[in-house]
Amino acid sequence: MTLNTYPKRQLTIIAEAVLESRLIEHTRHYGAHGYTTSEVRGGGEHGVKEGAWDVDRMIEFKVVADEAVIEALASHVLEQYAANFALSMFLSDVQVLRPQKF
Amino acid sequence: MTLNTYPKRQLTIIAEAVLESRLIEHTRHYGAHGYTTSEVRGGGEHGVKEGAWDVDRMIEFKVVADEAVIEALASHVLEQYAANFALSMFLSDVQVLRPQKF
Amino acid sequence: MTLNTYPKRQLTIIAEAVLESRLIEHTRHYGAHGYTTSEVRGGGEHGVKEGAWDVDRMIEFKVVADEAVIEALASHVLEQYAANFALSMFLSDVQVLRPQKF
Amino acid sequence: MDPVVAFFILGILARAIRSDLRMPEALYETLTIYLLLAIGLKGGMALAADWQTKLLWQALAVMAFGAALAAVAYPLLQRLVRLGAADAASVAAHYGSVSVVTFAVGLNALRSQGVEPEPELTLFLALMEVPGILVGVLLAKRISGPDSGAPLGHSSWSGALVEALRGKSVVLLLGGLAIGALFGKQALAPIAPMFEHLFKGALALFLLELGLIVAGKWPDIKNAGWRLAAFGVAFPVAAAMAGIGLGNAFGLSAAGAALLGTLGASASYIAAPAAMRVAVPQANPALGIAAALGITFAFNVAVGIPLYWRIATALGG
Amino acid sequence: MDPVVAFFILGILARAIRSDLRMPEALYETLTIYLLLAIGLKGGMALAADWQTKLLWQALAVMAFGAALAAVAYPLLQRLVRLGAADAASVAAHYGSVSVVTFAVGLNALRSQGVEPEPELTLFLALMEVPGILVGVLLAKRISGPDSGAPLGHSSWSGALVEALRGKSVVLLLGGLAIGALFGKQALAPIAPMFEHLFKGALALFLLELGLIVAGKWPDIKNAGWRLAAFGVAFPVAAAMAGIGLGNAFGLSAAGAALLGTLGASASYIAAPAAMRVAVPQANPALGIAAALGITFAFNVAVGIPLYWRIATALGG
Amino acid sequence: MDPVVAFFILGILARAIRSDLRMPEALYETLTIYLLLAIGLKGGMALAADWQTKLLWQALAVMAFGAALAAVAYPLLQRLVRLGAADAASVAAHYGSVSVVTFAVGLNALRSQGVEPEPELTLFLALMEVPGILVGVLLAKRISGPDSGAPLGHSSWSGALVEALRGKSVVLLLGGLAIGALFGKQALAPIAPMFEHLFKGALALFLLELGLIVAGKWPDIKNAGWRLAAFGVAFPVAAAMAGIGLGNAFGLSAAGAALLGTLGASASYIAAPAAMRVAVPQANPALGIAAALGITFAFNVAVGIPLYWRIATALGG
């Protein structure tokens, strides 16, 4: 008995922690039903972010929603913050069991 | 020389931290060989979960295994907890190098 | 207006925290432009790792890059550490908006 | 007003103006462990001095008192507050159990007036942690019915009971009591600078954090409705009077009776929510915390504790 | 040299030899909350005793002083240090604002010499947190221009202002001042073991952490260039002299004037960076921290504070 | 029995009844930093008073003692406990090195009897951290052979050595010693309420945590087998006698000799496991911790320390 699963898209944003409240606003604005945040550290173009200092703290911000919502959100975040903030984004496919929930 | 990789399925469950020990039991019960947990915060149908209070703490629980195991585990967790707990689940494809390990 | 996205590969390594600095070295050596680390706990072949003790601490180490880089890194890490350390690895597809960044 | 209460109000105000003040979780957990040990040690040292066999009877009576509070609260919550069975059982468990911080604030208030309650009160604090939760779990068991395959596995109620008994509050309180009683004040003098002198400062920091959490729960408190709010004030006062009566029956001093009343009036917002979340998954967890922490804790700290002292002195010898 | 400074140097050395010594973030946040409350309480207790209406004028003057420091720093940073408008505005905000730890080290140094500055200095500390940041944000607003749709939403500057006012430093300092003033020394005696006796030990731990962070920022400090380094030493000394002058105008003692000078000389490395990151996203955040923490904080703690005391005693009555 | 030991037992019992009591990691790391600094400062203050050149020789002798312990343990572990070369090298490093908490419990036990060991013991503690680990790493190098491309890069053994030297215990102990010696007791009086008065309370909290961890490692301890358990008791006693003999040779008091014996008998369960995990990846890390923490630490704290004091008083002048 295979489980019925429904395709959705996942957006993963790794960004400076100071942006969290704004990312939540945009996520709601574009119609996603939820988000999940975790504290991370890492390194990239903007150097190593160990999170030892308040302004160095980084978060991983995940949203699962329909393709249209995810693409709108991704391009808005890219256009708004990519130039000035340490930020990387990637999209991926996921499948959910309760499509109306995401 | 391309690497030999083997398809597996990943189940990601974001749920109330109070369910962790039970999720571990079910994971073992359905035959998966391991699990990985991280502390997260977020928002969804059941409101914002900042984790500031013990009962608000949320975890992200990941299991990688064969499709059959993942689907059995997912439907059991859905049926058992979805009604009463803040919980979201999504499945995705991964590839591993050591198939017998997962 | 669909967003232009470019295919990349993601390597997720769940390993003993003591290996972090070496994983970062290998990641740079094989040409990836960045990495992201988060603290996790879990269980697998090497037993339960609650992170209560320094040597038990586990990390989830993620790298997004081109297939060639990811496969080279994965096989090096597998060959170097899999035998002696608690470690699991899985690869997955992601899409990015700024291909030159990864 | 006691200075520690001012820190509670500062926490509420800080969150009310949406300040970004957050206290690290590790600080909260450390303060909890500290308070439980400090109270246990202090009680144990005094208890060693005047342990009497009559305490065994009193211990049983106090446990029955906690269970009774939950048993009485359950029908009141259903009929007067119009809660469903699951919610009523969950909230009843909060009110049958106790709050360590409320006890600490009550103890501190009595000491500021130069009176010291009998040491067995610390024992009663530890003993009243669990009975109320047990009754709540039994009620929950009845609701979900034996064969309905309670979602969390067949033995969910015994699981919840065992989980409550293994809770860190009971372990640290009874552990502190044992160490305090075994070693006594003199041998434990070197750890007094940590566990006695810093007590009130730690309590102040704790109340600052609880103020932040209470103000953060404000939306839940509003949704809980006026009926639950009224219950959250009336029931504790009644429970306090019952507690003071029991204290007099035990022959306790006014201070002892007042603190037993405060114990009755206090509601658990850590142990009970965790236990009931597992035993009664259908219950809305926000209700219990909004009532126990948002309404009853704030009421007890600001109004209740001084009130129960006055009642105890009036009723007492 | 004051022992706490030795802990700062130990932190720098530990990181210089790439030791794996890391202090947990929760410890850092706990020490910050502790220091803010301890300073606020201490100031409030003393302030309650001798509050005079003239303090209102002094309060306004001190806020103007903070704003002026940022306004003066901005053109200097552009012309002498050759920073772009965005970077200049951001760094100016750091120097218009203040550092609580620098204040604590200055206060501690004065007390080691047996002198106690007037209690209103704690009020001035709280009042000087925000004006400099406000000027920095206004400057940023001018740069990005009203219609350019500042990236962070139209009201980014008011957002940053409100965010600064809601910052935990202002809330905890003013909260501590209020509690200290309302209850006074006698009622707060029981929390003295926590908030007074442990003050210097907590400061020592804090400086150990800051030493680790400063040494960790070394790459940024080197990239900041010699011009910014020169500014990071010269501007604080000038600002200190202005502060001492203002102190004398207020009729403060030499200790009070020296501490007001130290306030002027101190630069914010927590509140300002967070506020400016939001108000001036184009500015390079590493510059402000390298200057304020890497250069100015280290200079003030090692050289500045004793220097400003000597200037104040020379100029003062 | 010393009260702090009771907290260790409480931790074991709490975990034995599978209580949900967990202590936050940040609390553990803070207590570690606190203990290292407090011991270093205390030793430095006393050392400043009576530093003699003969200490240089003693320092070298003590480092040789640590290295010898590892060198002797290695063949014993292979032949008597039948461990493989990698495991034997790893466990040998644990026993050649030392445990700061065991030292603190020993120091505390002596003080409770009104005797104070010579200050150079703190220097010996810092010096004995590394030699044992160095020998373990050299042994590991021999096992994996030079050309076998030790998995962790060619210079893994020098990496492990450097890593041990940069370890936070050595940095904080030597840093504390330097600050204590440079400033002396009088100048450091203001930080005594933090670093001296709270010492025993912090030690009690630390032992509560270690009790939890030891009981959590119980499965590993059982799997380690009776041979390793026997080694974990016999070797420390022999090492203690050697340490006491060395102490007498140094002309130390009975207290000093007992503490040097305790140092020899203590095994590292933080620095050594981390260093050996890198140097000897093939070794099973659970073995070293089960032996050093599960068996030897518990034995030393409960039985060893009082025993070594009696031996020292019997042998000493």
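Should a chain be cited, it is by its letter among A, B, C, D, E and F, assigned in written order, with residues numbered from 1 in that chain.
Keep this in mind: contacts are C-beta pairs under 8 Å (C-beta built on N, C-alpha and C of every residue); 3 or more make two chains touch, one makes a residue touch a chain.
In this text, all values refer to a predicted model and were calculated from it rather than measured experimentally.
Under the touch definition stated at the top, chain D and chain E share these contacting partners: F.
One simple way to say how far apart two chains are is to compare their mean CA positions; for chain B and chain F this gives 40 Å.
Measuring from the averaged C-alpha position of chain B to that of chain D gives a distance of 35 Å.
Annotation for chain F: residues 22, 24-26, 193, 198 touch two or more other chains. Annotation for chain A: residues touching 2 or more other chains are 38, 92-93.
Inter-chain contacts, as defined above, occur between A-B, A-C, A-E, B-C, B-D, C-F, D-E, D-F, E-F. Across the interface of their complex, chain F is touched by residues 16, 18, 22, 50-55, 80-81, 83-85 of chain C. Those residues of chain E that touch chain D in the complex are listed here as 24-26, 29-30, 33, 37, 163, 166-168, 171-172, 175, 178-179, 182-183, 187-188, 190-191, 193-195, 198. Residues 3-4, 6-7, 10, 13-14, 17-27, 112, 193, 197-198, 200-202, 204-205, 208 of chain E touch chain F in their complex. Residue ranges of chain C in contact with chain A, taken from their complex: 2-3, 5, 8, 10, 24, 33-38, 64, 92-98, 101-102. Chain E meets chain A in the complex at residues 22, 25, 151-153, 212-213, 216, 270, 273-274, 277-278, 281-282, 285, 289.
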